[in-house]
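Two complexes come next, and they have one chain in common, chain A, joined by chain B in the first and chain C in the second.
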Partner chain A sequence: MNLLAVDFPPVNQLFDWPSIWFEGSLFAVNKTVLIYLSSVVVTMVLFVLAGRQNETLVPRGVAHVAESGVNFIEESVVMQTMGPDGKKFMPFLTSMFFFILFANITEVIPFIQFPANSRMATPITLALLVWVIYNVVGVRSQGFFGYLKNSLFPPGVPKFLYLIVTPIELVSTFVVRPFSLAVRLWANMVAGHLLLVTFAVLSATMWAAGGLGFGGALFLSFPMLILMTGFEILVSVLQAFIFTILTAVYIAGSMHAEH
Partner chain B sequence: MFNLLAQTASGEFLEGLRAIGAGLAYGLAAIGPGIGIGLVVGNAISAMARQPESAGMVRTTMFLGIAFTEALALIGFVVFILLQP
Partner chain C sequence: MTATMKRLARTFSLVGVVVLFAATPVGAVGETIGTCMFEKIENADLAALKGPANKDALLSFEADLEKCFEAPNPILPEWDEVIWGGAAFAILFAFMWWKGFPAVSRAMQARSDRIAADLGAAEQAKNQANAVLADHQEQLGGAKAQAAQIIEEARAQADLVAADITARANEEVAQMRAKAAADLEAARMQAVSDLRGTVADIAVGAAERVIKSNLDADTQRALVDAYIDEVASTNA
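Showing the complex of A and B:
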């Protein structure tokens, strides 16, 4: 019995998918791209179908999902951070939430089992989009110099401390924010995928080893795999929510000057 | 010890150091955020217990605090992956 010789695949092999169509060109399509395209389509179909339904007092089916999603974003994201002024960002935040959620949740859907957001391209693109939006909102609502003054010289700090505070604010507001926003989503999905792969490989190897390993797989690693799958559902929803609410917080911070 | 070092090829030695560094990077990076997330969640729970009517707002702020604290641990995780031989 060889319990310790677990054959764990190299990390690159878990995240690099071979191209399916148009191999070698700029528009090569692989599993990640297919998941992204399908999550775009699912988000659009969800809201288009919900919008086509006749307005009723008690929404059913797709409309129920869409309405509770919109309600959730309005109550726990927009009203908590931006207040009534932020209602115009509702469509952006809602569609971004559902897009990230559908690209994350494929992590636990059987036979797909790959979180598309564990590739850095889309998280960093979304984060740069958010960076552009909150800067444009800041410049439009406070003016260019007002926005710079409010974000680089926070009020209520003793004068001599600006020597330290201003460089820190410059780096953290304009450089680190999009980076940390993207890394937070990406690294959570990579960690979740690695965790699930670890327990799946461990279960399969121990199951195949037989004897004591069979019992170990049955009572230790396989229940852990099920537990982790549940935990990853939570993480997928939570990361979509955190990305959305941080976007709302950044937009709110540049919309209203701090007092 | 030094005989052993002399016998190993320098490439292998560097690879070993890199593996140790990768392991330490994640382990050390998880200490601070672990304490930090504990503080954030603990204080949020005591705030919710004192004022249950403000639980919604506290929960949102708690997730924000967790997200900011967790970023440090995740950066350690990224370094861990980048250092993988």
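Showing the complex of A and C:
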């Protein structure tokens, strides 16, 4: 794709990675899959190393990262949305947070530079899993009809408003939620990756052009690339947090009818 | 530059280097259109596509090549990625539920318990220290009272001793005075006695001289005065 003399790669080439092993099968492994697996390994290593630091009074190194993460999920997610009842979901929410975070942050890691969550596979898988969990929790907590009644006819709403509210709640709770959850994460990571690639390609092209282009690359596009890289680190963490806290909010809403 | 500024400078430098390093290369480009077409052409039997008889095969091959230009729908998930992603998360969740999360929770709980125990021990030590301090203060108060009592007793004793010394001194002074008065009286009596004898001697002597020489009155007076002076000078 040639835009204003900048040879920008076709967008599908930025996200569609060729298979490395088992090409053509349902178990084909590409860069995206390797990032998923590395997220699992990194999180496991982090928690194994952190779990060994029983004796130290002050957590050090990776233990500090893991414990800060666990504290953060407990204080800022679980206690804020579910209360003490939600502590049983801590392993699930912590796994989700770190898995999404490490699959996002790869977009700024040199030589990887691709957020695995800019592919729809994991966001939609996790979102559907969340959908199943909060519905099962709702049915177990309130009973099938109780959950359905409280979801479609929220308590405290004037009866005549049910004409509007009930269809909205039906679509929102049972149809839209998993997709909005997945698309929010996916779209943010796609946008971030496109921004980084745009400024990187622009910098490289202007740099190669020399003269005025060299100055433009040095003072405009490359500083922007650095700025956007820092911004994308923030977005990676923020999106992991948003996905996790929305999961907690949905589960909390199913646990307690008053939500 | 203060130590805090140096630390901040080092931190920002490190972050800058990391961000620069992270921003530099661009490697996120997957399969290209060219690669796709090259692979299809390489795998095709080009000889079988020549000639009007193979028009359908050629059209089919063209359609196949055009697929290289088709971008996959980015919002539709690939099944292989769904399977791997789902499996990866399932493995991670199973590990976290079984081992990872409980281990970190235990470590945090152990640390929390240890800090609580340390705080409890510190509180206990503080209470003990306060008790010891109170005890010492009580002892110090007792010692001070005892010291004051001792001082008071010493002062009273000193007063008694001083009074005794004064009384004895006064007594001694009185005795010395009495003795001195007695000595003085004795000396006076002795002097009077001596004077009486001397005056008698003078009178006798004067009478003798008056009797021995018949002198006029002035001469006699002068003679008596001279004699008295003589006597006075000899008794001085």
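Everything that follows uses one rule, which is that the second predicted complex is superposed on the first by the 253 of 259 C-alpha atoms of A that agree within 3 Å, B and C clash if a C-alpha of one lies under 4 Å from a C-alpha of the other, contacts with A are read in each partner's own complex, and residues count from 1 in each chain.
We take it that contacts are C-beta pairs under 8 Å (C-beta built on N, C-alpha and C of every residue); 3 or more make two chains touch, one makes a residue touch a chain.
The shown structure was predicted, so the numbers you read here are calculated from the model rather than taken from an experiment.
Of the two partner chains placed by superposition, only chain B is touched by A:Leu238; chain C is not.
Within the superposed three-chain model, A:Gly156 lies out of touch with both chain B and chain C [touch as defined at top]. Contacts of A:Phe27 after superposition: chain C is touched, whereas chain B is not reached. Contact comparison for chain A: of chain B and chain C, C touches the greater number of residues. Once the two complexes are laid over each other on the shared chain, residue contacts for A:Pro18 go to chain C alone; chain B is not touched. When both complexes are overlaid on chain A, the residue A:Val190 reaches chain B and chain C alike.
Residues 11, 183, 190 of chain A touch chain B in one complex and chain C in the other.
Touching chain A in their complex are the following residues of chain C: 19-33, 35, 71-72, 74-86, 88-89, 91-93, 95-97, 99-108, 110-111, 114-115. By the touch criterion stated above, chain B contacts chain A in their complex at residues 56-57, 60, 63-64, 67, 70-71, 74-75, 77-78, 81, 84.
The touching residues of chain A, when paired with chain C in their complex, are 9-19, 22, 25-33, 36-37, 39-40, 43-44, 47-48, 50-54, 56-57, 59, 63, 66-67, 70-71, 90-92, 94-96, 98-99, 107-114, 116, 119-122, 124-126, 129, 183, 186, 190, 193, 196-197, 200-201, 204, 222, 225-226, 228-230. Partner chain B is touched in their complex by these residues of chain A: 11, 76, 80, 180, 183-184, 187-188, 190-191, 238, 241-242, 245-246, 249.
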